[in-house]
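Right after this note come the structures.
Two complexes come next, and they have one chain in common, chain A, joined by chain B in the first and chain C in the second.
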Partner chain A sequence: MLSAFGRAFRTPDLRRKLLFTLGIVTIFRLGAFIPAPGVSYNNVQQCLQLTKNNTSLQQMVNMFSGGALLQVSIFALGIMPYITASIIVQLLRVVIPRFQELYDEGASGQTKLTQYTRYLTIALGLLNATTLVSLARSGQLMQGCTVPLIPDSGIVTTILLIITLTAGTGLIMWMGELVTEKGIGNGMSLLIFTSIAAGFVPAMNGIIGAKGWGTFLAVLAVGLVTVALVVFVEQSQRRIPVQYAKRMVGRRTVGGTTTYIPIKVNMAGVIPVIFASSILYLPALIAQFNTPTDGSNIPDWVAWVNNNLTRGDHPLYMAVYFLLIIFFTYFYVSITFNPEEVSDNMKKYGGFIPGIRAGKPTADYLQYVLSRITLPGALYLGIVALIPLVALVLVQANQNFPFGGTSILIMVGVGLETVKQIDAQLQQRHYEGLLR
Partner chain B sequence: MGVLQIILQILLGVTSFLLTLLILLHKGRGGGLSDMFGGGMTSGLNSSGVAERNLNRFTVILGVTWAVVIIGLGLIMKFSGAGS
Partner chain C sequence: MKSEVTVTETAASNAQGRPAKSSGKKNKKAGFFARIALFFRQMIGELKKVVTPTRSELINYTIVVLVFVAIVMLIVTLLDLLFGVGVGWVFGGSGPKES
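Right after this comes the complex of A and B.
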């Protein structure tokens, strides 16, 4: 394994790519520590110390930005606007026929869609920046902290802050694209990976500090088992055999081969988990806005929401979370994998699944296999996502419990993907890859 | 509130704005979410033309200026004691 890394660095092409990626990641992390102009670094640190143990609304978003959000640094918004924009554009494909047309068009149409995503990212970045700045100014960003985060509350400072944060979002997006283009792996997901991994060590430290070494080792063991399990499920797929008929194209024979359609158990990836958690944050958000600030009586339904839907360790919350994940898994798989399209394509190139007629029966068969295999996939996603919530009850760790849920799925997924790409690059040069 | 601070603030506003515009001018790479987590195939053949390379250079210069201005503003704020 280590010698493979050595070889990877001795290959000039690959070395350049790896170093480029590392450089971008370094800049990204550095930026997460530079406070945005007008934000008082000392006050922010003071507040962070005060509110460290809160499990507030912003914690998950904070995880995605690697702790940059609560520090109000120049990269505070992180990759989140881009994720949201991509999700929106992808979902709009269902609603707006024009988007679906563009998607079907192939590479040129998809470039256009990417361009829309980029515009939307900047717009969302502007929106998020405004929200963040107003939250920080009113002191709601970190509740229970009275020191002003932004000492100078003039209009100029505020506008400058918003513009800077938006530009930071754009810069992150561009850095991600640069990595995709010139580095290794998918830039955006690598940046998310970095942010999450950065929160890892402090979380572990927190567990050691709060619970001692015994619990820490137990958590580590559970974590390793989880990682192994996640890797196993991520790699597993069902292979549907496809035969291609021999055809003559000009004077050559084409086809006559046997391949397979790989259908992954977890086709949807982490996206259902992200969807479900962002939807579950809505009631809490609404409740927060409807809580009277003047100390008068809290409405009944707000109290109910606060009791049942905002705390991760409540059974109702868990159940809703689980069900939402299963729903979104099916939903997302049905968006991304279209059996009719696949069967049409197969028919076009003279392919068929042995024992099943081409055309509609093939589409039906694919749909049948897909919906059957998605069930364990959905259950698996739900269970993995529930691990941190269960841990919350058992060890009383906070919600950023390092091994579980979104973070572990993203880390394993991105890690596997990146290693596979390095591997492919190595094998192009007739070397043994990283993976044996 | 020194003269330097005002100059830096103006510079920051201008560079941020231009940076955002320049970044939007770039051609988007990497397509969307399914690419990010789903693990699709990314086509690796991208040729970047002269225009794109120049654009890259401008963006890097602007980005560095932007960062320097922010750090400068931060230092001013720290030493003028406005932070505490």
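Right after this comes the complex of A and C.
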């Protein structure tokens, strides 16, 4: 297999793509370290040292931005606004008929939708930047740290800071699209993968430092088992057989083949998890804004939210998280896989499922299988996403526990997708790929 | 065996598009919990038809993913070390400690 990795680098166009991706990743990491204008680097480092062991909510978001968020660097917002924007645009297809029309239109409509996604990204970036700056200014970004992150509190610095952070989001979005276009793999997922990978080594170091080698090895073993489990489920699919009728086109016989529609057990991928966690982040954020800074008494509902919804190890938090994941799994599958569309396409090309009539019965059958196969998928997603939270209780590890839940799902999903793409590129030149 | 029969029957009757009236009546007749039980039986029936990766496939994919993750982790960690030192060197010297 290692020789296959070597071969990947000896193939000229594949080498170019890999190096291009690597270059983008390098720029992405560099931007995560350069402090935004007006931010005091020394003070930020001091605060990071002080609050290293806090399991605050920001740590989770920090994981998605690869440590850039808490450093308030120019790429502090990371790829998250873009991901959120694209999910929202996809979800809006259900609500706004115009979006569905555009989606059905084909390539030109899709371009329009991409454009909307970009506008929305900038808007979300602006919103997030403002939130981040105000949190950093009031000292709530890293609680328990007294030195100011932004020493100059003038209006010009604040505006400059917000503009820089938003521009950083825009730049990341562009880099992600460049990777999709000219590099290898899906840019968006590859960048978030990079961010998560960046947090691994420090987190593992932290575990070794705090708990010793025994716990570290146990964590590693759990991680390995989880990876194998996730690979297993990601590769499982229900295959619905499809027959294509033989027909004559001109003087040739076309079709007459048997294929199948693969319905993956987990069709929604990692998106429900990302979405559920960002939704759950909202109440905590609102509560944080409504917490009085001058030390007067806290409103009841804020205290309630702080007690129940911000702590990852609280039963209510877990339950809500789990239910949200199941809901979003069903929701996302229902908008990405349209049984009617599939059955129409099959009818158009003379395909049918053996034993089921074409047209509406086929669509009904697909819906039947889909809704029954999605439930185990949703339960699996929910359980895997809860692993780090359970680990939090058992080992008292940090919340951004490296081997669990969201990060493992993203890791395996992106890893499989990217390796498969490299493999396909390799097989164009050699007979043997990475996967054999 | 009996449950198997029920499962296939329902799947087929759903799929073959019998008049909606009769199937609706049938659903109404069954109680809430009976319908949930039926759903779970059908779910297990579908799960039995799921094709899972073979042992060698699973091992192969797992190793590939782990190698990929390890490579990316290595690259990113090296970059982080480099940039961390570099940025500390550029910005660390003369920043204001207190304001």
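Rule of thumb we're sticking to: the second predicted complex is superposed on the first by the 417 of 436 C-alpha atoms of A that agree within 3 Å, B and C clash if a C-alpha of one lies under 4 Å from a C-alpha of the other, contacts with A are read in each partner's own complex, and residues count from 1 in each chain.
Quick note on the criterion: contacts are C-beta pairs under 8 Å (C-beta built on N, C-alpha and C of every residue); 3 or more make two chains touch, one makes a residue touch a chain.
All values reported here derive from a predicted model rather than from experimental measurement.
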Which superposed partner A:Pro35 touches (first chain B, second chain C, both, neither): both
Chain B versus chain C as contact partner of A:Arg118, first or second or both or neither: first
Touching partner for A:Asn43 - first (chain B), second (chain C), both, neither: both
Which superposed partner A:Thr180 touches (first chain B, second chain C, both, neither): first
First (chain B), second (chain C), both or neither touched by A:Phe331: neither
Chain B versus chain C as contact partner of A:Ile373, first or second or both or neither: second
Touched partner set for A:Thr194, first chain B, second chain C, both or neither: second
Partner chain(s) touched by A:Tyr281 [first = chain B, second = chain C, both, neither]: neither
Which of chain B and chain C A:Met267 touches, first, second, both or neither: first
Chain A positions touched by chain B in one structure and by chain C in the second: 34-35, 40-43, 151-152, 416
Chain A contact footprint on chain B (complex, rising order): 9, 12-13, 15-17, 19-20, 23-24, 26-39, 42-43, 46, 48, 59, 63, 66-67, 70-71, 73-74, 77-78, 82-84
Chain C residues touching chain A - in the complex, by the definition given at the top: 11-12, 14-17, 39, 42-43, 45-47, 49-53, 57-58, 60-69, 72-73, 75-77, 79-80, 83-84, 86-88, 91-92, 95-99
Sites on chain A touched by chain B in the complex: 31, 34-38, 40-43, 74, 83, 86-87, 89-90, 107, 110-111, 113-115, 117-119, 122, 151-152, 156, 159-160, 163-164, 166-167, 170-171, 173-174, 176-178, 180-181, 186-189, 192, 267-271, 336, 410, 413-414, 416-417
Touching residues on chain A, where the partner in the complex is chain C: 1, 5, 22, 25-26, 29-30, 32-35, 40-43, 45, 147-148, 151-152, 193-194, 197-198, 200-201, 224, 227-228, 231-232, 235-239, 265, 355-357, 360-362, 364-365, 368-369, 372-373, 375-376, 411-412, 415-416, 418-419, 434-436
